[in-house]
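First, the structure itself, so that you have it in front of you.
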Amino acid sequence: MTPSSKLTSLHEAIARGVADGSTIVLGAGLEACIPFAAGHEIMRQRKRGLTLVGPISDILFDQLIGAGCVRAVRAAWVGNVITGSGYNFRRAVESGRIAVEDHSNLTLALALRAGAMGVPFLPTRTALGSDLFASNAHLKSITCPFTAERLTAVAAIVPDVAILHVQRADAAGHAHLWGNFGVTREAGLASQHVIVCAEEIVAAEVIARDPNRVVLPGFRVNAVVHAPWGAHPSPMPGHYNRDHELFLSYQRESQTPEGFAAWQARWVDAVQTSADYLALLGAERAARLALAHHDYSEAVDYGY
Amino acid sequence: MTPSSKLTSLHEAIARGVADGSTIVLGAGLEACIPFAAGHEIMRQRKRGLTLVGPISDILFDQLIGAGCVRAVRAAWVGNVITGSGYNFRRAVESGRIAVEDHSNLTLALALRAGAMGVPFLPTRTALGSDLFASNAHLKSITCPFTAERLTAVAAIVPDVAILHVQRADAAGHAHLWGNFGVTREAGLASQHVIVCAEEIVAAEVIARDPNRVVLPGFRVNAVVHAPWGAHPSPMPGHYNRDHELFLSYQRESQTPEGFAAWQARWVDAVQTSADYLALLGAERAARLALAHHDYSEAVDYGY
Amino acid sequence: MATEAQTRSYTPAELMVAAAAREIGDGEVVFVGMRLPLLGFQLAKRTHAPGAIGIYELGIIRSTPAPEPILTMGDLPNLCRAQWLADTLDVMSLLQRGDIHVSFIGGAQVDRFGNLNTSYIGGMAPGRIETRLPGSGGACDLASLAGRHIIIMPHEKRRFVPRVDYITSPGYGDGAGWRQRAGLTGGGPAAVITTLGVLRFDPDTGEMMLASVHPGVTVEQILAATGWPLRVAPQVTQTPEPTAEALAILRHFDPQGFWTGS
Amino acid sequence: MATEAQTRSYTPAELMVAAAAREIGDGEVVFVGMRLPLLGFQLAKRTHAPGAIGIYELGIIRSTPAPEPILTMGDLPNLCRAQWLADTLDVMSLLQRGDIHVSFIGGAQVDRFGNLNTSYIGGMAPGRIETRLPGSGGACDLASLAGRHIIIMPHEKRRFVPRVDYITSPGYGDGAGWRQRAGLTGGGPAAVITTLGVLRFDPDTGEMMLASVHPGVTVEQILAATGWPLRVAPQVTQTPEPTAEALAILRHFDPQGFWTGS
């Protein structure tokens, strides 16, 4: 009765799950739980022609663009949350190397929710009168069949792959996530293939004792990867704080293509495992990012 | 900074919150967490002309109809989950005393979700070709603006009042719910006025230590009622099992209008408080329904 | 027939549940209904389909059996250590997205194209309503959207009618091609398991056909209990009896015979 | 002007944050943006608006201050003992439903009707893009749907243009009535807080008007830094300076002056 294990290495999960040319949603937590380790593995494997989907994704999209993996972006915002512009993104768009489908956070959330719900579009009141309609062919103006109000129809997005970073998962793909969710639930439920990266791999019963915290059905998960510190430098509730310093140094170091190449050589290409990454980060820095104050949830009883 | 208390008696909450003629969603948990105590208070206060909204609501809708409170029902199913038909509902519809807007569980969930989202409709692929279109003017056939597929548009429902029964809440209206949710989240978020009935009233910090389990924003809650055993005979995760025997005896006793009147006199009109209700239920029966096996969730850490 | 069944070692309902269980393939995602399907799913899990995954419209997913027998899907043992507890809309979204292989629904009336009525006998117009039934619940959704669905109901002439008074849950409408024209993405009814036999659908016409008769039942009895000239498959078989193992499992899950008593 | 401000006891950014905080009424539900508004909200909570409730697009609601200073809304102290942690779509739904009184957004370009561009300088057509900016994020949604919104940005002629190159976040379009015709349900921009002054909108025309000048700034300076003939309100006032209490609070929340340093 035990479902077979979906545990695999990060290398395997990306090699098998992410084909060149595929559409991939990642960074669905907006600021938190961004799967940087998985994104870096995509860069190391020199994937090409990807379409990235995500509302914000902090600097991960900028890195994947800089590494030459990306053909198109369907996003609401691409940059560096605490500093503003992402230089690789700017260079790539201004030179015409990548295409952009402009969303707002709400239209992107709705596009993924439509994919998750199995409908071809969802209606909204946002973006009416804006130029998002000019740079996004997947927004159309419609009329409500009941009220005759003008609405925006947002076409569904069904990504080929979602990569979700969570706190803990069992080997069968049941995953616990806590904190704010962004569009994580929509991203996982909308996608054809789901890769779960987890800070911890735990026994099935740890997950099953709290089924309300499970992100998406286990049968929809294709691969489970143990990826401690895999969301660094983004914040990971229960594990580590946001590493602001890295976002600031990235901003400085990615201002030129050469600067970004050096950054990638150091932080991506020279790293193979999470142990390598932690060594690069340094024990002192890791300790500084670790939680200093703990605050635990009250238990609830699922008995009978 | 502490928000003022919204704690009130059940009598007050219903007297102030539920006006004659209003549209009210209750029983949004489908089989579980059905606010029977609140429904019985509505019956005692002889509210009239209500429109009931809910997918299933087990026997609570049948009781409110039998008590003469109801003008119309917008629902997917009205009856007794383990026995089938509800006799008051049958009598009222067959004699033309109440109007019915026929939904499926999915169209009702979408109607409330549309209300919660602030859009006038949501699209779905269900019910196409069915006669639900004939007995529900709030379903219309539309064409997808992107794919030209035929879809069902479901009009939003924005109830005047939602009554939600939960495990625990603080005085300001922050409520924890666990178990399966049915359409509870949609019901609360769609409604103009929200009454929360809780098995336990707890300190704000018990709720705040697990913000993921909060059902809806506290600022959207208008009244908080301490209602232990308030969902009996429906099951309440963490508190008591389903009282199957009561559903069976109700089925027998409600077969005639006279039988139902006697049932109401005993189980509703003779009861004023939850202590009265528990005395009627009996300590032995309550002990039999209480959880015999406990199964507690693993803690999670919201620290920093 | 009732007398005959009573001499057997199982009840008619047990036979039907065993037949329902056989419709579930191992590893399939099953939208489990109330009553007999609830037991059929438990039986399938314990026998030939241990990898089946159960989905319940209340917002529950379970891939393991409940720790205690349950009478309804909302009973607390069905929640304990479930694989997912979520919203009704979450599980309905899986259904709409095409993730559900098979589902089960009951009905008060069914017609030759497998359309089901669980809403109005007589009709829905004021004055025409003879009997108001409970309504769709999730049945319309399952019939619209599941990969295939199985209908379970008593076989009586008043229930097996040429044309239902109201389509609560669409089958093949007025024949082949109707579902596609209506825009329905689910596959439609695959079988009707009744108190007398099992019926399936002609893929070319969408019409119901008798596929197997239960032990002790004749084809003629079934034709007489059907309100239109029922087609009979070229090779009608006998519905297999429940095995001793199956009966033991069923009686564990329904110890008081609430659903499967004679 | 920079020199003048440096002789004051506060930075220009601190003045702007204090002005932003004054836009928040007690008990209001506030959709809090990044950067200066994040501080403005904390300041309002600690002074005149203790009952204000903060909503963050990441899926966070807080009615209490975070236990430690935060640099972004996603910092873990902003989650700890929050009042609700949920989906982005959940909080955006509150916005769309009309539950949000006021919100804050920034921009790279603004025009006389308060339309904002945070997407493309030059235009979006291939070859015309001079600068690609980060995009909308939630700004378009806040400008479309909040009860009112407040714009915060540097006051420079290249940013205050007659007509933005691309409308990321709609203001009053081409004038009064445009929002209603477009179908927008949010109220539109209520104020623009800049490095030089505060501007508001003529309800009859939807056009921006100078309402107050910051200490040490002249009306002429502002007119010179605006790319169209800016209307000046009949009674232009001086923007109030931040109080000592406000400055103490701001320096608690931004101890290193990351957002409000000179």
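In this document, chain identifiers A, B, C and D correspond to the written order of the chains, with residue numbering beginning at 1 in each.
To be clear about the criterion, contacts are C-beta pairs under 8 Å (C-beta built on N, C-alpha and C of every residue); 3 or more make two chains touch, one makes a residue touch a chain.
This structure is a prediction, so every number in the text was calculated from the model and none was measured.
Participant: Taking mean CA positions as centres, which chain lies farthest from chain C?
Facilitator: D
Participant: Comparing B-D against A-D, which pair counts more contacting C-beta pairs?
Facilitator: Between B-D and A-D, contacts are more numerous in A-D.
Participant: Centroid from C-alpha atoms only, then distance chain B to chain C, rounded to Å. What do you get?
Facilitator: Using C-alpha averages as centres, the distance is 28 Å.
Participant: Between chain B and chain D, what is the gap in Å from one C-alpha centre to the other?
Facilitator: About 41 Å separates the centre of chain B from that of chain D.
Participant: Could you please state the distance in Å, as a whole number, between where the Cα atoms of chain C are centred and where those of chain D are centred?
Facilitator: 58
Participant: Which positions in chain B are in touch with at least two other chains?
Facilitator: 117-119, 124-125, 149, 151, 178-179, 209, 212, 237, 241, 291, 293, 295, 302-304, in rising order.
Participant: Send over the residues of chain C in touch with two or more other chains.
Facilitator: Touching at least two other chains: 67, 75-76, 79-82, 85-86, 89, 95-96, 145, 185.
Participant: What is the complete set of touching chain pairs?
Facilitator: Chain pairs that touch: A-B, A-C, A-D, B-C, B-D.
Participant: What residues of chain D sit close enough to touch chain B in their complex?
Facilitator: That would be residues 29, 50-51, 53, 61, 63-64, 67-68, 75-77, 79-86, 89-90, 93-99, 145, 185 of chain D.
Participant: Considering only the defined contacts, which chain B positions touch chain D in the complex?
Facilitator: 1, 3, 116-119, 174, 189, 205, 208-209, 211-212, 214, 216-220, 302-304
Participant: Mind listing the chain A positions that touch chain D in their complex?
Facilitator: 29-32, 55-56, 75-79, 81-82, 84-86, 89-90, 93-94, 96, 100, 102-106, 109-110, 113, 124-132, 134-135, 149-151, 178-186, 234-235, 237, 241-242, 244, 291, 293, 295
Participant: So in the complex, the part of chain B that touches chain A is made up of which residues?
Facilitator: 117-125, 138, 140, 142, 144-147, 149, 151, 153, 155, 167, 176, 178-179, 206, 209-210, 212-213, 237-238, 241, 291-304
Participant: Can you name the residues of chain C that touch chain B in the complex?
Facilitator: The contact residues of chain C facing chain B are 34, 56-60, 67, 71-76, 79-82, 85-89, 92, 95-96, 119-120, 124, 126-127, 129-141, 144-145, 166-170, 173, 178-179, 182-185, 258.
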